[in-house]
C-alpha cells in the first residue's frame, strides 16, 4: 500500500515544490536562468561580498531553500529527494552570486554532496571564480569523536549557515568567512531521535521500519540507522540522553552562553518540541551555562518522519553577534 | 498500543508545553499572575487600546498562543487539548489586557468555547469591563451556507485575528474593531483535508480511523468527521475540490485581490504544502483575481494529523492594509 | 443524608468516570473530538481532590466546591454544563445541613435545569440533556420513595434516554455538523450522564 | 560494434534499472537512504531520452552524452560516479567509429577506474567499486574473447563481488556510520553494478 501524500507524480514533486515556493516567495527568491534547481536570493548577493551557496537533497525543507535570503545564504542548489544536487545547479548558483570576492560552499558532509559540489567547484575554477568549501558535521551521533571528519551535517546547519551568512553580510573576506564557518561548525552539536520512518515521493514506501512503541536515537535525517533502538521513553529521559551526549562533546565553562534549536523532523507537533525544550533549558541551567536564544520548530525535516533533534551552539562573542544579526529569508527571519 | 509521542505524563502535556514556550519566548510572552493558562503579550496591551483576547483548546499550535504579540493578540486563554479553556484563564486575560477601551474575545465557533468565554464575559462585566465577542466561522465545509452561524473556526483564524489585531493596534475603538473582525470573518474561507488521525496525549489512541489509502475532505481540526471520504487523489484534484468550493462561496470580481494560507495540519511536509500552493495560485490566476500575499506552513494544526487546509481571504483596501501591518509574535512575524 | 453522603456520591461518580474514560473517548471519537472521557474523569478527579479537604461543610458547600473544581479543570462543553448543574443543585438545598429523601428529586431536576439553562439544548438535540431530562422526570415521578430508589429511577431513565440518542440527529455541539451521519451513534455526554447517576444511586444504596 | 550497439546496451541497462528500482531502494533502505533505485532508474531513464535523438554519433559521443544525462538527472553519489565512469569509457574509445571485441575489456576497466578515481574508495570499503573492480579484472582476463563473453565474465565477477559486500563493513558513503551493523547487508551500488553489466552482456549477445 502506498504511503499517504498530497502530491501529483512523485517524480515531479521537487520541481512542483520549487514552483510553489517561487509563487509564494517571489519577492525574496528567484530561480537561476541556467538551472531551475538553483534558487537565488533577490536581495543579498552584491559586488565585493563573499557569496554563500548552500544546498543538498530535498525533503528537509525549510532546509536548504528556506534559508536563502538577505543576511543568510545567497543561493541554494536543490537536489532530488535525499540526493545531492548535480554540479550544474551548484555552478549556476556560483555564477549568480559571485561578487568578485569568492564563493563559499556550505553543505552537510555526505559522500554524494562532496562529489557533486567538488565537481562544481572545479568547473567554477575554470571560470576563475574561487570557491572554498566548509562541510557541516554537527551530528554527534554519526561518528565517534576520533573520526569527527566522518560526521554528518544535520539540523545544526541552521546555526552554522546563519553565522557564515552573517559574516559574509558583514562584508568579511573569503578567508575570514571560511574561518568563521569552520569555527561555527566546530562549536555546534546536534543529537536526534526518530519515532517513525518517512517515505520518498517516488516510491511511497516506508524507507525503513520502526516498530510500534520503538524509537531510534541518533538516526540520520535520511533515515540512516542510528546508534540505539529501543522502546519510546518519556520526553525528559530522551532529552537527558541527548543533552548528556552534547555536554560530553562541548566543554563549556560556567557562565558560557549557548543558542538552542529544538527541531522537529516533520510529523512531531510543536507541543512535543516545547515539552522537550522545557527539559533542555533545565539541563542547560543545571550545567551552569545560560541560553542566549532558542528556536523551536521544523527547521530541518525528513519529509513526514516523526522525531526531533536538539542542537546546541556554543557561543562566543563573535558567534553571538552573528546569530543575532538580522536576516530575511522566505522561511526564516531575524529582526 | 500507544501512539508515539515525545511527552512525559499526558495530563501534564499542556502545562509543560506552556513552560517550554515561556522559556523559549520569554522576551515576548509571560503568564498571568492569576492563571498559568493565560498567556499575555509583554508588548502590545496599552492604555486606550482595545484588548484582543483569543483562545481555545490546545493541540493547534502555533494557534492560539503563537499569535500573541505586538500588533496581533494581546493574550490567549489556553484550554486542555481540544477543549475550550474554562472561564478563569479567559477572565485573567481580560484583566491583564484591558486598557480602558474594552476587550474583544475572538475564538472559533464551538459550543464549549462559547459557553466558557460567555461565562468569562459575564464575570468581566461584573468588573465593569466591556467585553464583546466575535466568533470565527471560516470552515466552509462545516455547515451549509444557510446555516453559516453553525460553521466552525479553523485555520482562517490566522487572517481574521491578524486583521482584528492590526485594527486594535491602530487604536480603533471597540465598535470599529468588532466591525472589522466580523468583516474579516465574513470574507475568509477555509477548506481542509485530512489524511490521518491524531491522538490525544492523555489517551494516546487514534481519535478516529482513516483507512490506508483514504482521505477525508472537510474534516474538522479536532477530527470531527468531514463531508466526503474516499481514496487519496492527486494534489491538483484535491486542491481543485477545495478551490471550487471556496470560489463558490466567495463572489470575487475580476481584479480582486486575496491573501492565501496553505496550512499543514501537523504531519504533512512543506514539500506537499508548496505543491498544493502551485495549484492554488494557478486556480486564482485562472479566476482572474490576484494574490497579494501567501503564507505556507503549519499555522493551525491538529497535533500529529496529516493533512492540509487552504484559506483564502477576500481582501479589500482595509483588510489588505491590516494584513500587511507589522506584528511581532513568538511564532509569527510580519515586518 | 449529610455532606459526607454527598461527597461519597461524588467520589463514586469519579471512580465511574475513571473506569469509563476510554469508552467515552471512543464514543466521542465517533461523532466528536474523542475527549469526553478525559473531560469527565479529569473533572471528577478535580472534584475528588477539592472535596477531600472540605470539613464540616454543608451539602451546598460540597456542590459549589464541585462546581468550581469541575469547571476549572475541564473547560470544554462539559465544564460549564456540569458546573452549572452543581451550582443549581447547591442552590436547591441551600441552608440545609441534612437532606432527606424528599429533596432528592429536586436535586436531580435542578441539575437537569442547570444543564438546560447553560446549554440551551432542546430535547432531541442529541445531547446530555436527553439523559438528564428523562432522569429529572423519573426522579420527580418517584418522589416520596427512598433516595436510592429515586436515583435508580433517574439512572434507568437516563440510560434509556442515552440509548435513544443513537436514533437522533445531532443539532448542537461538535456532532451537529454530521447531520444524518450522527445517526446510530450514542451521544457521549448522555452516556456519561447515565453512568454518573447509576454510580450515585449505588453509593446512596450502600450509605 | 558501433554507436547503435552501445545505445542498445545502455537501453538494456535502463530497462534493467527500472525493473530493479524498488529492490534497490529496499536494499538502500537497510543501510542507506532508500533512494538508490530511484537514482539508477532515473539516471538511466535520462540516458534513454538523451541518446534517443543522437544520430550519426560515434561511440564516444554516446558515452559522453550518457555521462552528462546521468549526472544532471541524478546527482547523489551515483551521479558523479557513473558520469565519471562513462566519461572514461568515452575517452577509452575516442576517435573510433567501430569498437571491436578487443576494446571491450578496456571499456570495463575505464569505467571501474573512473569510479575509483571519483569516489576514492578502496577495495573492501563496501561500495560499487567492490563490484566494478572484480568486473574489470575479469574482463581483462577474458581479453581476446567475444564482447558478450567478456561482458558476461565481468557481470559474473561483479555479482560475486556484490555478494561479498554483505560480509564487509562500510567505510564510505551513508552506510559508513553503521560500522558493524552494515554487516549482512549487500551494498546497493555494488548490486546495481552487477545488474547493469548483466543487462549489457545480454544485449551484446543478441545484437
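Worth a mention:
Just so it is clear, A, B, C and D label the chains in written order, and each chain counts residues from 1 on its own.
We adopt the following convention: a contact is a pair of C-beta atoms (placed from the backbone, for glycine too) under 8 Å apart; a residue touches a chain by one contact, two chains touch by 3 or more.
Worth saying up front: this structure is predicted, and the values here are computed from it rather than measured.
The chains other than chain B, grouped by which ones touch each other, come out as A, D | C.
Between chain B and chain D, the least number of touch steps comes to 2. Centroid distances from chain A, each centroid being the mean of CA atoms, peak for C. Rounded to whole angstrom, the centroid-to-centroid distance between chain B and chain C, based on C-alpha atoms, equals 32 Å. In terms of their C-alpha centroids, the spacing between chain A and chain C amounts to 53 Å. As a whole-number value, the distance joining the C-alpha centres of chain C and chain D reads 73 Å. Remark: chain A and chain B have CA centroids separated by 29 Å (rounded to whole angstrom). With touch defined as above, chain B holds no residue shared between interfaces to two or more other chains.
Of all residues in chain D, none touches 2 or more other chains.
Taken as a contact graph, the chains are arranged in an open line, each linked only to its neighbours along the path. Of all possible chain pairings, those that touch are A-B, A-D, B-C.
Contacts from chain D toward chain A in the complex involve residues 21-22, 25-26, 29-35, 37-39, 42, 71-81, 118-119, 172-178, 181.
On the side of chain B, the complex with chain A involves touching residues 1-2, 4-8, 13-14, 16-21, 23-25, 58-59, 61-62, 66, 193, 195-196, 201, 212-213, 215, 232, 234-236, 238, 262, 266-278, 281, 291, 294-298, 301, 303-304, 306-308, 328, 331, 333, 335.
Within the complex, the chain B residues that touch chain C are 11, 57, 79-88, 110-112, 115-116, 119, 142-143, 150, 152, 200, 202-203, 205, 207-208, 220, 222-225.
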